[in-house]
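For reference, the structure discussed in these notes is given below.
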């Protein structure tokens, strides 16, 4: 019923919107969208300070097989982010230095993968940002059919080709392409609001007062004792 | 049978004792107390070099809800360490930059939480030490009743309000307040003893000889072969 | 049927071969050997940049007991790598600063352990490379019989005394001693081949073309769409 | 950007097709569809012999909160299967005997939940089939907004309202509603084909010969030795 | 600072209260107490239908060592439940058929252990109820000092000697001894109330109406769509 | 360096010895051998009461690929046990009803696999004993080279072709072929000894007295209090 395929052309979000979402960061964008779209907490950056924002080129591979990542590199455009999952769970090292060099040569901005990567010292030296479930040298085959640029589920989040991907120290969030403009607006509004809140908190005001939490405590019958 | 409450005033250990326990470090204090009091190994610092020692302000929250952390900030004193757990397991990002700013404004020395934190780049830049089970952007509610400064179990260890908390690269240990003086004495004695042992080991003496282990090997019928 | 023992003398691989395997790195050596010999992905270095290559001195301990590590230090030779496992799983901190000092005094090049280590700030400051399953302060006994320099299974890989151990950011690989010469040859050939491939990928050639993957995609009925 | 909502009416697949998919079973349907659509392996039946097939009524809840499950019961039709996930991971016991009674009263055929359930002795006695990630008594709130009958990701699989859900001893598979007719045809063809293969295997023929695997072994250079 | 000890005599709750708590079951008692006191979800019964209620005799052992369980059997009284944890995590099989026979001979009603058990076929045949984290044959030593009848943390819950332990299919809950009377009253009130709710739900009334949830949905801005 | 191969003929242990080891059971054999040889605790039987004893035919497969299991069925002899692992971890359902029928047709006594199995209702109905890490419907390829009857590591235990495998409710143990006679003798001696101990324990004697543990408690400074 499902036939594997590689889709060459996908719609992408506006570059300026992508840039602005990246500046807002994962936690803010996720909150602004209504607390949805996060990949699970097991997906971690391979080096401190890794950040990325770009359009998703989606990839679904066989477990321990990176054939379709090579196929994906043939259809990327500069600024894209590879988002890779597997049919069944794998922690093989499906992406390493050579794929990193190839990805960079074609302008790939980063990688998000629900599997392992390897050659992480070299990828770190290249400054190529990667979010993965594990770091492991285990090698892979290049033999199993899969698809590129079809809708996937990666680490618990649904991702369509061309969705916006933002990654930083707190994880990875996906913004559906059609919601990118609204997400930018909501996220930047939140940034502005948080700046004001930050000043009040720094001055010693309590979150209890700023957010009106004392009445919630009262309503929930939480007592105060000395 | 249990009613949620916020206790404003708690006894605290002597500041000088707290400082000295912090200098001894987690492994030494844990050993000195008879190998008890450690939080489990899943609780890790969010940046290398994080260290803390302070009095526990305990917090128990609903899963994915940080209402009670805000309440706790209203009762802390400078030097306190927030120790947070949840009714049922959660890996939501219950603490971020804004709570970090608020905590710092009230003198909180650090955070230990059996859940996730977010805005870790900003918390790291602030030098605010945190030990958590995960790092994740997932947002939280501010709606569920819980308690502040009641006895809790956090990551497998029992913690009473005012107990001494020491955290470093090797994890987090809790010292019951009443045992702090004895723990300081035992830990510092251990530090001194280890200094002597270190010199002997550096000079090439074997642990087998220093600790009298050859006779244990003999008693356990471990044979030596060439 | 099994009697615990400590074997003093073991055969070791050629030092120059060990050095060359270390330079090739874990991922390359593992690939060159036919994708075998990796310890599992849970075994991670305690600091970035850790690297080691040496001869395995194998140790099997009781859970939460480091008696046999002390015994092992008495039979090491400079350049050896301690490879430690336990009878039943343990995440106690079986190795810390003092054992690190003792190991260094006897020339031990590093440690691989399917358990936890502690005093990691100190071990990092010493530059003593360690790969472990966890970092935790939990203390240990020195009371349970085990063996040194017998064949063991460590983190899913079979290790014989004198096998070559290579560790880096991507994990740890074991090379059977008798296969070291062939592994050096195969790994260095792979390094040379990868250097050529790297240049082609950097120039923008696709893995699809370099590795002949287009015909695999065709054979597997993967379709291309626009 | 996301607003919580409860959708009352959803399209459903043909009942006879649902019944036939249920008879084919999870493994066969999953294979027939091209090896897609499985929920992850952590989702297990609470009693042996549990089987279900029905239309998905999707539910997304706050962690440890079952408000939206109660909402969902108000929109189900006989034969539906509740498919429940949470915003952030939870292993609270979000469904128990009372919700089981209520669900049964409204004709719900079963429950699939990426969280825990409780009162499992009573649910088992009722013969109410449940697939969950855990069994645990932990209680829940009824306070957090979520949605019913919107697209969700549950245990790694995308589920739309009205998709067909099949569950048995091997797990749970989701069949997109539009693909149900093709899936029935492909699955029943597979059942027939497997019946013929089964007879040949029972008679002692080898899979190597039936599936033409000897030539794959040869092509992959697998040697035969005595 | 901590010295291992065996306490012979402990206070126990009233037998009739223990019996009534056991009849209410784990989920009900846990709810009645304010949703506290559960051991974590990884603690599971070794056979379906296992149920127990009794007074806790607490045991803390070395990892993979059951010396202190033998000590505990010497101080139990008929109807007690052994509650066992370890200093550092262990999944060794610390309790088997022989300890089961010995426990039964002294009237022990059951076992709760944050480790593994073995001889589970025999223990099941004996009808000796056990809740454990794992089932595994791994053997243990009888050599490491620990304590009996001191306060412990077992699987995330604080347990004092003489607390009431209730276990069933949904897990294990601990009721502080002093709270047993109030817990009985609250739990039985809850049972009665649930019986009335059950009838209404069976008759088709909705939880939305019975629990007044429609107004919570409205307050949280959850919209209804057709 | 490693070339995949299928070895047709392997030495096997004496059938009577295998039978007697099976009767002693996993825990007893493991103890009798000196507490070695267990597969890890994650390997569980798919139905209660599963028991097996036989000669290991070892199989190493690609992740999510069962080509080599088909190859293995072509070299088994009646009474053999298939012991299957993968190059890199996989929880795909690599073995199901059809392979079960084929295995049975060739006399295979059971399966031990560090991966998942499916069609577990049918395998249970057949009474075909299986120990696996998971139960999951996920399908597999038949395309990746591996080996049959070479030494492997399966679930943490080294297994050579022809070693004796014993499985029951407590897990799986491997007995090196050459040690089978000694293991039989030691295990049966242990069974006899345990029978005598069982009688004493049933009569109320304490393990403290039977095993001489009171002096260990004294030596370890464990105090007795009232």
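We just call them A, B, C, D, E and F in the order they show up, numbering each chain from 1.
In this text, a contact is a pair of C-beta atoms (placed from the backbone, for glycine too) under 8 Å apart; a residue touches a chain by one contact, two chains touch by 3 or more.
The model shown is predicted, which means the values in this text are computed figures rather than measured ones.
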Selected interface, A-F versus B-C, where C-beta contact pairs are more numerous: B-C
Angle of rotation relating subunit D to subunit E [CA atoms, steps of 5 degrees]: 120
Equivalent interface to A-B, taken from D-E, B-E or C-E so that over half of the residue contact pairs match: D-E
Same or different contact residues where subunit D meets its copy subunit A, judged by the half mark: same
Chain centre separation in whole Å, for subunit F relative to subunit C (CA means): 27
Interchain centroid distance [CA atoms averaged], subunit A/subunit E, Å: 41
Separation of mean Cα positions, subunit C and subunit A [Å, integer]: 31
Of all residues in subunit C, the ones touching two or more other chains: 3, 35, 40-41, 87, 89, 91, 138, 143-144
Chain contact graph, described as a line, ring, star, complete graph or other shape: other
Chains touching one another, given as label pairs in label order: A-B, A-C, A-D, A-F, B-C, B-D, B-E, C-E, C-F, D-E, D-F, E-F
Residue numbers on subunit C that touch subunit F, as the complex places them: 1-3, 32-36, 40-41, 87, 89, 151, 153, 156-158, 179, 182-183, 186
Complex contacts: residues of subunit C adjacent to subunit E: 62-64, 87-92, 138, 141, 143-144
Parts of subunit D lying in touch with subunit F, wherever the complex brings them together: 26-27, 30-31, 35, 38, 41, 44, 49, 168-171, 173, 194, 197-198, 201-204, 206-208, 211, 213, 216-217, 220-226
List of subunit D residues in touch with subunit E within their complex: 3-9, 67, 70-71, 73-74, 91, 93, 96-99, 101-102, 104-106, 116, 118-121, 124, 134-139, 142-147
